[in-house]
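Chain lettering (A, B, C and D) follows the sequence in which the chains are written, and residue indices restart at 1 in each chain.
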Amino acid sequence: MSRPEPHAIERLVDRWAETTARQLARGLSRRSLLGRLGAALAGAATLPLLPVSRVSAAPPGEPAASAPDGIEGPEGDPSSCQYWRHCAIDGFLCSCCGGSHTACPPGTTMSPVTWIGTCRNPADGRQYVISYNDCCGKSMCARCFCNRNEGDRPAYLPPKSNDINWCVAAPSTVYHCSTAIVLGVAADR
Amino acid sequence: MSRPEPHAIERLVDRWAETTARQLARGLSRRSLLGRLGAALAGAATLPLLPVSRVSAAPPGEPAASAPDGIEGPEGDPSSCQYWRHCAIDGFLCSCCGGSHTACPPGTTMSPVTWIGTCRNPADGRQYVISYNDCCGKSMCARCFCNRNEGDRPAYLPPKSNDINWCVAAPSTVYHCSTAIVLGVAADR
Amino acid sequence: MGVLGRPGGTFAADLEEALFVRIALVVLSACAAAIPAVAPVRSGADAATPASLPAETIGGVLAAPPLAPHQVWVADFVLARTAGFDGDSGQMLGMLPAGVGAIAPVFAQARNEIYLPETYYSRGSRGERTDVVTIYDAGTLAPVSEILLPPKRADIVHAMALATLLDDGRFLAVANFTPATSVTIVDVEERRLVGEVATPGCHLVYAAGPRRFFMLCGDGALLLVTLDAQGAEQSRTRSEPFFEVLGDPVTEKAVRRGDEWLFVSFDGLVRAVDISGEAPRFSEPWSLLDDADRAASWRIGGVQHLALHEASGRLYSLMHRGGPDSHKDPGTEIWVYDLETRTRIQKITLRNFLGAFLAQQIGMDGGVLLWLLERVVPSPGADSIAVSQDENPRLFALSRNAGTVGVWDARSGSFRRYLANVGIAPGALQAPWR
Amino acid sequence: MGVLGRPGGTFAADLEEALFVRIALVVLSACAAAIPAVAPVRSGADAATPASLPAETIGGVLAAPPLAPHQVWVADFVLARTAGFDGDSGQMLGMLPAGVGAIAPVFAQARNEIYLPETYYSRGSRGERTDVVTIYDAGTLAPVSEILLPPKRADIVHAMALATLLDDGRFLAVANFTPATSVTIVDVEERRLVGEVATPGCHLVYAAGPRRFFMLCGDGALLLVTLDAQGAEQSRTRSEPFFEVLGDPVTEKAVRRGDEWLFVSFDGLVRAVDISGEAPRFSEPWSLLDDADRAASWRIGGVQHLALHEASGRLYSLMHRGGPDSHKDPGTEIWVYDLETRTRIQKITLRNFLGAFLAQQIGMDGGVLLWLLERVVPSPGADSIAVSQDENPRLFALSRNAGTVGVWDARSGSFRRYLANVGIAPGALQAPWR
């Protein structure tokens, strides 16, 4: 999976981040900064949106939640380790814990920052950028453990490392389960 | 296992205890009282004896510790649930946790008060009174779980109940494992 | 504490800034890592191919589904939690971490709350002890309040009768054991600790009226305690012993039907306690076993061997064949009794949970393999049972070894489904909602 | 808070007394329960029958056995502990509870101590966070001291390179992640927190001299930090990138041989870092795989895929056949290399841990059944390996699924024994003593 000039990219980003972040830093609280950066990354307007009741829309355990991307079988089942979005996940699947593949179980909070994977959606053949946000503040769910490592890197490259407990940015860093949220299309291959 | 006039016995003990305890109460701290009562029950002079290094005498895991009562097979093996002394135990066997059937694993403390069983020693055919003192202060050992219930009673009769966490009388009530200590001969049958 | 090797800046400002920089780096380099990916998609492709999945929102948290009778909660002493499951869909609903020691949640439908007595040590398994009642919103499963308790709450492995809400729904009674026995009273309406009732010689708590509870004493007596409007003790009555503690003791795993509490003894005698009056009334005991049953050495047993469907007056008893002292052994059958006629009206033979568990491990939730495994693998039997209280009741039975709950139609006895992987060391079951 | 319904006495005195009474009741009624038992034994019987077992002492606590090279410690993230086992006798030695998050004990033989960075929340999984280093006496496995840390320590699942003692044995370095990266320095001699070193862009800690450590940076560079005599940062050097982060990254699971740290890349390249000089020196990488191996798609992989026997210069690598991104997959073979000649000198094919586990569950630790099960049950392979550093070294390999550690003679490769039931979710191995 070698990519062109990774070091150049890294250094570019480092310099960019130094400037950007120091500007952002002025007059911003840690949490709101996390919120904004997280939102920017997610393309969402505000963060966090808790509590959001999506029960009416998609009650846990209803088939509705089971094939959200119109794919039959394990690749379309968020409670399966083979679900296409799980190509770089490491943890308990929130879909098995009272949450869904995009929302946390009741009473937990979602960590705004996390690691990123790129997975292929068998339904449209596209590569998608997936954000594996952890749900935090309750002890481990201990159901549907799943570890897949496409593009995973060791912890010295945090944004690509699924070994890290990403509850680091949540009110409680205690890990409960992991989601798999689509951030957008990556590229056709 | 019906015994003569249990209620008479109970009431007798109640009255006796009321008097004795109230006398003992005067000028005694809770812990030293526990110590004395525990010692009286155990027939030992002082309590607690921590830390006691019995490594030289019986290092954990040496065969020496495996057949302390000269019995072959599981009935003579303190790390087996079939060990004769375990007839009323409920918990993790300290012999599997770095302790022995009579001593706690390193870094834990033994609860001075506990529940009592009466088990038959196949070596001499005698019935022995066994004290199942819990070891406390570290999270569960999680090895060699064993539950046998000869003479066990529900928690409303504490001294005969193996459901109770007897670390209640230790500095930390967190349960780690259970021992099976001979207090003395009960009676021939 | 200064930031080493940076004599220039003050710690706070310096670190704060470093912090922001790091956060930015993490997030932005995430984009970088995705750079080869986010290369512009050729416009032509867009027109040709179906619409792509939209970007989704980060931060969502589900509410718990509406309270329903077929929801069952399973305590787990290794995971130190109680977890809720939907008996119909099989889905996990959520969980409550429970600190150290006994897991004794009290479910209060009228207030849409769950009261969880908890114990914590400042260093997990050592240090300073703190006991609290944590109040959870049953709709969000999030803690909304906390009430400090004297650090005395009892720790009994399967937490039967350790905490109960009195019938007025206001006062919570929590059993203490130090090894002195007492009861802590909490006002869940005013969110305050009321105090402690000393109850020498008697243990465990059973609700027995708007502001009344009873306990079982070491000699087989029953202690009835009435509280006043503020939750302070108003009066107490201690009955004569109503069962033989050493001879044929009742288990503490009782079920309640209105003004009647039903206890069952090791030998299968049903001892009913009527709490409608000033003093408790004990009716003549009757047996779950006939001579044939005894001859075949059938006994009651399990972690939680008794369940009741109030409306229909059906009593469910977990049964096994075994010797004396087998009162905690798992059951192979569930016997159903009609409380009016005091007769057994049904036997439900339990399926092989372990076979189901193994099949599930292999990724098969049904079909031939399950059928085969259920017959090949030795059956561990069931340890705990519970029954829902709706007019279409479910019977839940847990196998601890298999970590699996079986669900039956409580009236017809027909098997409905398995709930697999409910925990690592599951114990007691609760089906609290109506 | 008063004792309800007892307006007479004050709370304290009253409760204290009640307490004593209860304790007495518990202990004394214990005797009562034993009354039928303690009926006097007929004197005649005494003479006739062999001497009875003497009364034993209550309160005994074992010390840990002497530190020995064949002792292996196994971290478990469900049980939140690390537990020690004797690789020869198979016995568990004891355990250290580890709070929440990463389990990264540091073993200091020179001081006969174990340093355990821990995180606690005031309510277990919520509330106020407290980070500490708990200092254990390695002889008693009891905590003897505690040092408060900034609540920032990193939590990475298998805790590789999260904490290390620098070579002078005085300064402990603990990696932080908030997600800002930094390092907390602790003086274990003076039992005090020294402070924090900000290390933007670099993570994880590796000892690299008396008062020196290095970290790996997001661009593949190495950051070398030197402390002064008080533990404050004296200087830092950041190298050029020495490996390709996206192309062929090294794992963080490195092993050290004197002045040389050995990293291995996903594709099996050994990248040695020499830390003897002022700046790190990177020698020419060499591959664990030849063309035939690559053709057969052999790869390194596992939770902890690398181990070393320093004296003999033998490198042990956990290998499996798999595709790209399989760097965490369990291994089926352990390949042994001679570091002088950089050649593979041995292959150890792993036995079937799961078969051993099942046999053990059924109560058979050997014999025909084990032999059979090892051949019938699919083998899960091994996730972690470690090697002892004595002249008669042992090779330890853990199967997480089986919860079992296999023990081999590290030189001959001959199998010695299994350590069964080492935990519920075991992960990393440490064989710290010499």
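Quick note on the criterion: contacts are C-beta pairs under 8 Å (C-beta built on N, C-alpha and C of every residue); 3 or more make two chains touch, one makes a residue touch a chain.
Here the structure is a predicted model, which is why all the values come from computation and not from measurement.
Minimum number of contact steps separating subunit A from subunit B: 2. The chain pair with the larger count of C-beta pairs in contact, out of B-D and B-C, is B-D. With each centre defined as the average position of its C-alpha atoms, the distance from subunit C to subunit D rounds to 34 Å. Centres computed as Cα averages put subunit A at a distance of 29 Å from subunit D. Residue numbers of subunit B whose C-beta contacts span two or more other chains: 3, 10, 14, 113, 138-140, 142, 151, 157-158, 169.
Within subunit C, the positions touching two or more other chains are listed as 19, 21, 23, 25-26, 29, 33, 78-80, 97, 100, 124-126, 143, 178-179, 201, 218, 246, 424. Those residues of subunit A lying in contact with subunit D across their complex are 1-3, 6-7, 10-11, 14, 90, 113, 137-140, 142, 147-158, 161, 163-165, 167-169, 171-175. Residue ranges on subunit C touching subunit A, taken from their complex, read 16-17, 19-21, 23-39, 41-42, 45, 49-50, 52-66, 79-81, 84, 86, 89-97, 136, 140-143, 421, 423-424.
Residue ranges of subunit C in contact with subunit D, taken from their complex: 1-6, 14-15, 18-19, 21-23, 25-26, 29, 33, 78-80, 97, 99-100, 118, 120, 122-126, 130, 132, 134, 143, 146, 150, 178-182, 185, 193-198, 200-201, 218, 227, 231-236, 246, 424.
For subunit B in complex with subunit D, the touching residues are 3-4, 9-10, 12-14, 16-18, 20-22, 24-25, 28, 30, 33-34, 37-44, 47-55, 59-62, 69, 96-100, 102-110, 112-113, 115-116, 118, 121, 124-129, 131, 133, 135, 138-144, 151, 157-160, 169, 181-188. Looking at the complex, you find that subunit C touches subunit B at residues 78, 100-102, 119, 121, 124-127, 129, 154-158, 177-179, 201-204, 215-220, 241, 244-252, 324-328.
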